[in-house]
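Labels run A, B, C and D following the written order; every chain starts at residue 1.
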Amino acid sequence: MSMLCIKNLTKRFGGVMAVNDVSFEVPAGSIMGLIGPNGAGKTTVFNLITGICRPDQGEIIFDEKSIVNLLTHNIISLGIARTFQTIRLFQNLSVLENVLAGRHSRMKSGSLRAMLRTPFQRGEEEAAIAKAVQTLNFVGLRRDAAQLAKNLSYGNQRLLEIARALATEPRLLILDEPAGGMNEQETTNLITLIRKIRDQRTTILLIEHDMSLVMRVCENIVVLDYGAKISEGTAETVKNDPLVIEAYLGTDEE
Amino acid sequence: MRKILFFTAAFCLIAATTFGASTIKIGLMAPLTGPWASEGQDMKQIVELLAGELNEHGGLLGKKVEVISADDGGDPKTAALAAQKLVTQDVVGAIGTYGSSITEASQNIYDESKVIQIANGSTAVRLTAKGLKYFFRTSPRDDEQGRVGVQALEKFGYKNVAILHDNTTYAKGLAEEARALLEKKNVNIVFYDALTPGERDYTAILTKMKSARPDGVFFTGYYPECGLLLRQKKEMNWNVPFLGGDANNNPDLIKIAGTDAAEGFYFLSPPVPQDLPSREASDFLKAYKKKYGTTPGSIWAVLSGDGFRVLTAAIKATGSTDSDKVADYLHNKLKNYPGLTGTISFDDKGDRVGEVYRVYRVNAKGEFILQP
Amino acid sequence: MRDHSKIIYSTMTVLLAMSPLFLNKYWVDVLNNVGLYAILGLSLNIIVGHAGLFNLGHAAFYAVGAYTAAIFNTRFNIPVLWLLPLCALSAGLFAAIVMRPIIHLRGDYLCIVTIGLGEIVRIALINDIFGITQGANGIFGIDRPSIFGISIRRPHEFFYLIWGFVAVSVFFFHRLENSRFGRALNYLREDEVAAEGSGINVAHYKLACFVIGAAWAGMVGDIFASKMTIISPESFSFWESVLLFTLILLGGSASIPGVILGAFLIVGLPEVFRGIANARMLIFGGAMIAMMIFRTEGILPSRPRRYVLPDESSGESRA
Amino acid sequence: MEEFFQQLTNGLAVGAIYALIALGYTMVYGVLKLINFAHGELFTIGSYLGLTLLTSLGLSDVFGPVLAILLLAAMVMGLVAVVGALLERTAYRPLRESPRLSAVVSALGASIFFQNAVMLIYGARLRVYPLGILPRTAVNLFGIYLPLVKLLILFASVAIMTALYLYIHKTRIGTAIRAAAIDQGAARLMGIDVDRVILIVFLIGPALGGAAGLMVGLLYGQINFTMGWVYGLKAFTAAILGGIGNIPGAMVGGILLGVIEAMGAAYISIAWKDAIAFVVLILILIVRPTGLLGERVAEKV
């Protein structure tokens, strides 16, 4: 059974075909990679899935339900979470509060309960903090909980983004270049973390430039070039696909 | 900040008790800043001039008169504060202020503290309809002016009249008075609307008004806009006669409009000191000119001078600074007091008694000529 | 550090509560104005400080509340304090309706729209919209408030009403900002896209903070109307919105003590400068620039929230 | 129909001046992303300086009216530009790295400061330009009355705006300004002296505002210390209407606002004119959230 199913997805920006008739499926419980040269339309696919932009054509089915016309926060509450390629943390808030942002969609108390500080609200708040701390523990940032997000190292900011996404308890986690800017050691730890997340029954879809990471961690890979899917399969299949080699050699130094 | 506040407050208290006895304090509440700053600054100059003269001649009841000014900023809330400030400084009476709604915001504060208030530029009828014992005004009322204005329009024989106001309390009140009276007399109101004060280009309004084809226009707003209207009307080559309300009695009107455009403009006004034969008026003008180098900008500021004069006269006559005695004197005993703007008496509501309004016309030299 | 400031704040509170005993009417009335601005500032702080939305038209909501109170009090003789909920409701509803279609506008576009809104409301009041606002005259003869049959009229009496309201406001706004709701506003202030991407309904929260801020300002309008007994459109000018906006940034954005201090500055400074009469606003303008340059974040900037964390080792720790 | 065209020309004349002031807002905004709330006061300063120079120098006696006015315009623009640059140095530069709203408060403070400074220097009473500097002839075109002065002013502001447009788009400095407007950091990396760009912007914008102030003085005769507030707000509205940061947008927005006001006054209600203008603005922004010509900034995610 597939967690996410994308059918004939198309998106134009002005005259540019950012995503051109792309279809693929993400099996439940798998780690899937989306790769391609710069400007291939990978991030656009992510933005389409999470409702940040709307597709011109095509279907996005999450858990047997179309999510094409939903707003981003609704998609998040259905169980998809994402990180951003350019780190988008709440820089002036604490690490803990950044993770609490992820808890938001799993909480209910509104302004009235907050003003009255009902027992329900207090209980919920405590539970959210406990859960957030647990998530920070999970990614290894527990000790930095009180820091402001902007004071974290680059690698830790990436981890915090993941923690914030995980705090929404997603069934599908979308990672946009999670290893960007990380050193070798951090990348290795990241791979362990990604596997750990998958082992908690979360499906993962990731974009990554670091080929070694993709090849090591992803069970299935989809390759985009100029917005169109040019190859799909296991790491082994994709690596040997002449179209893929041409796409990378022709445009990218990698 | 709070420390500063407390300190200042404490200081004021001490100051008030230490120096309180040696002078008679008269408050002046005026718009020293904000949109009506020019009126307020004139008021201050006039009242200070008169107080200076009074002190030179021995003061009042053997004491010096001290004028305490408070800025009301042309805004009701600031006015309420200014009134509180004057009240706590134990003023015997307060002169001011300009603008009916601003005055209104301060009325209760003076009344509750039994401080005499003599307003100068507050013409709304309702101010004296509340039965406040300590409230007086030297300015006339809107209904009075409306009546005189309609009389003038009738005399000119206009059948179709355009009325333009500027949506301020005063101008709108006057416009409504005039409209009601004119409708009773079966004059057609072919145009009735409000401009936005403070703008420069009123051609859109004039164009619209012109297409309504009035015989005459009654503009109830203020001179800055009126000057522009006259000028732009002239530039449009439209020769409709204009009648203005009393807020147009200001020499700047001619400067803005230019003499050629202003010629033939009629307006209503209490007589200005220049037109009064009385010695008080001419002395005052001379002294003002000597001290400040110009003539007073508007009649409203001069009315604050009248407020000061009747208040000090009442204190002198009663030999007391007791509000009840002074108020009683002003209500009942002060009759035909020679003011700067003509004789002054008050009725039991505190309104100025008598026909105050005159019609003026601008001549070819740009002078304001009192019409018979 | 924390305990230190606690001592300062409680001393200040006690001093303030006792101040009517040794201040004259005028200074008490100045404090009353400070109090009104403090509550208005707190209500706008939710929008400007916490959500980072550029609102230069808060006077519009304040006006809706004040006019609701004035109209219902003068026409139907309903006591003004009973009208508090109605004023909150009308101002909040007004905000919900007019902000709904424009809430998605960004930064400076939202700014001009709120300015426009303030002007439209003011012009509507002047033009006696629906024949109920009595134009530029304003509405007069509004009752003074009364509590248990005691009429409140003198500044000293108003002092306790207004500052009591300030205390209630501080209490509720403090809770509000330390909650899921308050955090959500901060997220969208920091990064709208990331907030939405973390599952926060950004449009909803933007609108909600406007509604809450407006409702609170509406209640201040009620108190203001009953204090002045007359209200007219000039009390709700663009200038009023500018002052409110300024006091928040001078005092400290998103900081409750900052906003209250800002109210002291914005009302107090011009009063202290009264002595220099004509030049007082000049100095005020210069002071605004200087304060922003030397205390960019305001005089009492907001502090990070504190959380009690469960911890394996020490039981709890701060974050 | 005649009235319609008459109102159209009335609106165009008012709009041309709005446009000229709006350019100052938009240029500063483009580069600094700051709404210079003191810009309206620079306009006021322009008209007061114009009055002082006009009455004290007696230029028109020496040079004749046309040359005198050109000289006067040059002097006023120069002086106001200097004031603008000083404003930037003292009130805005120290806040360049600060939160944006802090700079806005500084701008509001500067606005209050300038307004009251003008009041203290020149007095609170309104001031009047001497009459008869500009010819008072009117052209009557098919029943539409067009005063020559207004035509001249319309022409002058269009000329200034065209010159500015060419300057921004055809010169090296203009390119630098545009680059800095898009991305200051990147512009700096490209070797553009951003400080200098900001200085230039703060010379040109205020100069245009000063020119508009002079025009208002010459055209309408009457000036006072609060007028910058009114014109400033209108011009800011115009800049937003056209899409702030966009130079042709400011021109279009200004002219359009003038016309909307005239039409609103003519066909709906004079008293509601300003409210109508704001309603139109809000409606336009609902449909086009970044103004008429403002680019739709697709944020990179």
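The definition used in the following text is that a residue touches a chain if its C-beta (ideal position, glycine included) is under 8 Å from a C-beta of that chain, and two chains touch if they have at least 3 such contacts.
Being a predicted model, the structure only gives us computed values, none of them experimental.
Path length between chain A and chain B in the touching-chain graph (shortest route): 2. Nearest to the overall CA centre, using the mean of each chain's CA atoms, is chain C.
Among the other chains, A has the CA centre that is most remote from the centre of chain C. We define each chain's centre as the mean of its Cα atoms; on that basis chain A and chain D are separated by 47 Å. If you average the CA atoms of chain B and of chain C, the two centres end up 35 Å from each other. Centroids built from CA atoms put chain C at 40 Å from chain A.
In chain C, the positions touching at least two other chains are 126-127, 193, 278, 281. Residue positions of chain D with contacts to 2 or more other chains are 116, 119, 271, 274, 301. Residues of chain B in contact with two or more other chains: 33, 37, 41, 167, 194. Of all residues in chain D, only 29, 35, 90-91, 94-95, 98-106, 108-117, 119-120, 233, 236-237, 240, 244, 271-272, 274-275, 278-279, 281-282, 285-286, 289-291, 299, 301 touch chain C in the complex they form. For chain B in complex with chain D, the touching residues are 33, 35, 37-38, 40-41, 167, 193-196, 198-201, 203-205, 207-208, 211, 224, 227-228, 231, 235-237, 252, 255-256, 258, 297. Against chain C, the residues of chain B that register as touching in their complex are 1-2, 4-6, 8-10, 12-13, 16, 32-33, 37, 41, 69-71, 74-77, 80-81, 84-85, 87-89, 100-101, 104-105, 108, 112, 124, 126, 167-169, 172-173, 194.
Across the complex, chain D meets chain B through its residues 3, 6-7, 10-11, 13-14, 116, 119, 123-126, 128, 131, 136, 138, 145, 147, 216, 219-222, 224, 226-227, 230, 261-262, 265-266, 269-271, 273-274. In the complex of the two chains, the chain C residues touching chain A come out as 172, 175-176, 178-184, 186-187, 190-191, 193-202, 208, 212, 304-305, 307-311, 318-319.
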